[in-house]
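Consider the two complexes below, in which chain A is the common component and chain B and chain C are the respective partners.
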Partner chain A sequence: MGRRLAVPLLLAPSLIILLGVFLLPMLLMLVLSLQNDQQQFSFENYLLFIQDPFYTGILWRTIRVSLWTVLFSLLLGFPVAIYMANASGKVRGIVTMLILAPHLISVVIRNFGWVVVLGEKGWINELLLSIGFIHEPLRLLYNELGVVIGLTDSFIAYMVLAIATSLYSVDQSLSKAAAILGASRIRSFFDVTLPLSLPGIYAGVTLVFSLSMSAFVTPSLMGGTSVKVLPVIAYEQVMSTLNWPLGAALSFLLLGSTILLVALFTRLAETKRYKEVFAS
Partner chain B sequence: MAAKIDVELRNIKKVFQNNVVVQNFNLQVEQGEFISFLGPSGCGKTTTLNMIAGFLEPDEGDLFIKGQRMNGVPPHKRELGMVFQTYSLFPHMTVAENVAYGLKLRKVSKTEMQERSKRVLELVKLPHVADRYPKQLSGGQRQRIAIARALVIEPSLLLLDEPLSNLDAKLREELRDELKRLHQEIGVTTIFVTHDQEEALSLSDRIVVLNHGHVEQIGTPADIYHRPASEFVHTFIGKTNKLEGRVVARQDRLLTVETQSGLRLKAVHPERAVAEGDAVTVFIRPEKIRLTAADAPADANRAKGKVELTSFLGAFTECDVRIGTEVLSVKVQMLDPGLSLSIGSDICCQWSPEDVLIMPGERG
Partner chain C sequence: MKKPSLAGIITVIVLLLVNLPILVIIPSSFTAAGYLSFPPEGFSFRWYAKIFERPEFIDSFWVSLQLAVITAVLAALIGTLAAFALAKYKFRGSQVINSLLLSPLTVPSLIIGIAALLFFTRIGLAGTFAGLLLAHVLISVPYVVRLVLTGLSSFDFTLEKAGYMLGASPARVFWDITLPLLRPAIVSGMIFSFLTSFDNVTVSLFLVAPDTTTLPLAIFSYMQETLDPLVASISSVVILLSLVFIVILEKVYGLDRLFGLQSQSH
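Presenting the complex of A and B:
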């Protein structure tokens, strides 16, 4: 009897919190998004989004910026993950700490740091100008590139740690086996290491993509007013325009498209072979 | 005509952080030979194998494979086959893909690839698992596939890094016989690393016994077993009884030794000269001692004692016999009728002087 009661009792606090502060508000938001300004049931807000190229353009930009962030995190993060996988436990710990250390500082502060570095008078531009590599400052801020740089900085840690974790479980002797069979190091990377790190890559891609899609602070600070993404527009609708129904609809469209894209990615990425090899 | 030398190690030395792991390693392996590196962990056997494979570079000395100097040649250019303790099959490839991987890298045509993979899977008696993934196979099957994968490229040399240690006892014996059969069938020059003396004795043409990074002895299994070059070799290969004593008499080929406990025994004079009065160490293998109740022939060694401990092990019984302050371990396969091994019973140990091994003992 004790056990039968214990499980629901132990689950109760988290269930109450989840229901009360997450699911219930979500439902209210959903109802809200399906109302017009006369508070009648209507698909008006969703139709407005689909028909207005301004909004669809924002959605595409959000997706585009997120995909670039995923790509940069993957390309820059993979070598770090490989380094960690080959390092001793002590070095792994130090690298993990170094990767996570910037997250101890508020994202606002870090983004302002980037503004200082990437601005027209930032040291990157000053340096390139002084050596004569460029003649006009590069625009590294307040455009999509700036947002991608900021987002990559924010989320690359997730990519590195996800890939590193999956590489840890790859038997080191496999690359030895590939080498003795005649594979060069590059060949062995593409034939053995890369395919076996796929679960980590998939996890990292999904994480970084979802986080980038819903990122708010970095796009506002590093994209400025000219590079608005969906979360920023939704925020404005709710806080500035006070059009709660439209803001709610935009949030659900963001949620829906993120889920849809992640599901599509999973569907395409997890081939029959992948499932057979990595299913536990 | 002298046999062709497939592998040659000349004065190989390897140091890790001021620790000499291997030194003065000289060896010539003939074509088709099965050589074992035998020794306890940390003796340098795996390090040496890794140097032959190219995963490590020797700090000093030269390595030749098929007459070619291999120092500095990366592993993927050495044309070797290797089987690892952990099987090391690629988990994301099917058995067929694993086996064909080396051929794919060598750009062998598709039809030839299929044919050779099929042949080698038949060789290891697993043609029916080609489409499975490694995790769907048992440990023994995985190691057979690993062997097939190493053999399919027709390597100039097959390296086996403790391939049987991860298997349970029965499978280990099965796969050991399998290795023997494969070696007889295809005759590939093989270097086998093991810490298991039984595996080394049963498989090898010659054994290299290693201890603390240096070669203790190189010889046939019979040499190693019957004519050990050092106390280490004798004690590492099989169980033995060790007694300290002093030579008290010498008569032609026959020595008389008195042990510290006063036991007198006769031994055939060893190859290394010992003189009267020398301190010696005496070794007798447990299986060379016979238990009797009757009087033994006059020139044989015999000693009266009491049974102290017996362990029945199926094929034989192990029995500790106390003689004064010494305890002799005896391996009994057939007990003379009328004898009892119950604890405390009086018994007589006897052995032939030929079976006593004498080594110069500690001085003083």
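Presenting the complex of A and C:
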């Protein structure tokens, strides 16, 4: 088979699907988002979003929930990554397996498990009530805390692996060298380990943030009707209100604000890194 | 014994927490009570028997299974062909094609679902099995392309040449040399596509017909109305099924390698 014919033939099926199920639909969605109810060209849907405090409030909540998720994932994930980087190959494999396996089980099911744990009659409340630690059930679910717990559970693995892989490539003898030269463990952590794990942290933060911004299932199941985030509002406009142009505009606003914030973060992180390099 | 470090303790806690949902669901499914409680009261299979009284779960299970199997086969086929074109033939624009093929991974699946719904409504595919299938294939192909490309990066194409020189037909060369060497990558791509499709909610949400829903979606809708041990028993069945595939995946390819690839994609 000549290469002139082979390449188009081999690529045709995937490119046709890409075009028909992704590129054309995205293009149509862009066109629709720029239409008003008389089907004329207008920025109405985008302007509505900027002017209406209801929508800006939703966007701010989405960002807030995502930032909390990033913070929790980082605080809990960083020590795990450090532990993995220092562990033997076998232990590393077991930890990787245990952190990844639940990831391949549907998010709906994992969220249900959390509802069983965190609910008003859930495991945590029943336990704390029975030992007399609290006298009325804590509200751990159907609020922003519930959503952040669910999202952290969903995305912490990305943070752990991003940091761990960046640390794998670092020479472990560096911390030893620091210790030999008389640095305390805390000094060695802040001067050696932390700076070297920064690329991994940046990657993990970006990843967890973008995934949290667009999460739909967890906010619906663990936030209930009180914690509506942008993806949930977009879904409602498309499926319940049937205002497709607005739903389309909300989708692009979600995409745009995520890209913008990630770009801003990357910019800040990079300038900081340059400063570090040139100051030393 | 070595003194446990702070990082070690936090690691154990985190591993417990991420596995907690699964550890909680299975005992809850065997409760004899009519509601979810802690600790589960009594022991019975009544909530497993209840599954068979709910045709929507049985029907949606079959829809999901068919969908996931066909998606896995199609995605593996289409993705492997594309990866071959990219790895074997160096052509102008192959970098662009490569990033184009992976681009669905950079867009949230919710947005892919909405866009597909808007477009499919125009061309009459909305609410059909074919439409749902096409969307699942779209989100699975990038994973296969990535996996097979990685497999091909260490593939020695002179082996194929050697086969031709010894007089083998192209079909024979492909079947006896190329395919066996790429089998782990292709099989992993297939299983990963199966799980991607079988677990999907956010794309299916927009594309299912009212009467043919998928299992995760049926659980999702049920959970928004009622929270009872029935969800636990159905979930336990799905967990068991997923674990079988996860173990195969770990044996064939290794979850860490698979995941490394997944996390780069976003």
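Simple rule for what comes next: the second predicted complex is superposed on the first by the 251 of 280 C-alpha atoms of A that agree within 3 Å, B and C clash if a C-alpha of one lies under 4 Å from a C-alpha of the other, contacts with A are read in each partner's own complex, and residues count from 1 in each chain.
By our rule, a residue touches a chain if its C-beta (ideal position, glycine included) is under 8 Å from a C-beta of that chain, and two chains touch if they have at least 3 such contacts.
Not measured: the values here are computed from a predicted model.
J.: First (chain B), second (chain C), both or neither: which does A:G223 touch?
T.: It touches nothing on chain B or chain C.
J.: Report for A:D153: first if it touches chain B alone, second if chain C alone, otherwise both or neither.
T.: A:D153 contacts chain C only, not chain B.
J.: Scan A:G200 for contacts with chain B and chain C and give back first, second, both or neither.
T.: Once the two structures are laid over each other on A, A:G200 reaches no partner at all.
J.: On the superposed three-chain arrangement, identify whether chain B or chain C touches more chain A residues.
T.: C
J.: So, A:G182: does it touch chain B (first), chain C (second), both, or neither?
T.: In the superposition, A:G182 touches chain B alone.
J.: Considering only the contact definition stated at the top, list the common interface residues of chain A for chain B and chain C.
T.: In chain A, no position sits in both the chain B and chain C interfaces.
J.: Report the residues of chain A in contact with chain C in the complex, numbered from low to high.
T.: 1, 3, 6-7, 10-11, 13-15, 17-18, 20-22, 24-26, 28-29, 32, 76-77, 79-80, 82-84, 86, 93, 95-117, 119, 121-123, 126-127, 153, 156-158, 160-162, 165, 207, 210-211, 213-214, 216-217, 220-221, 231, 234-235, 238-239, 244, 247-248, 251, 254-255
J.: Can you name the residues of chain A that touch chain B in the complex?
T.: Per the stated touch rule, the residues are 171, 173-174, 176-184, 187-188, 191-192, 195-196, 273, 276-277.
J.: In the complex of these two chains, what residues of chain C are touching chain A?
T.: For chain C paired with chain A, touching residues are 5-8, 10-11, 13-15, 17-25, 28, 35-38, 77-79, 81-82, 84-85, 89, 91, 97, 100-101, 103-104, 107-112, 114-120, 122, 134-135, 137-138, 141, 145, 170, 195, 198-199, 201-202, 205-206, 216, 219-220, 223-224, 227, 231-232, 235, 238-239, 242-243, 245-246, 249-250, 255-256, 259-260, 263, 266.
J.: Going by the contact rule at the top, pick out the chain B residues touching chain A in the complex.
T.: 53-55, 74-82, 84, 86, 88-92, 101-102, 105-106, 133, 149-150, 153, 159
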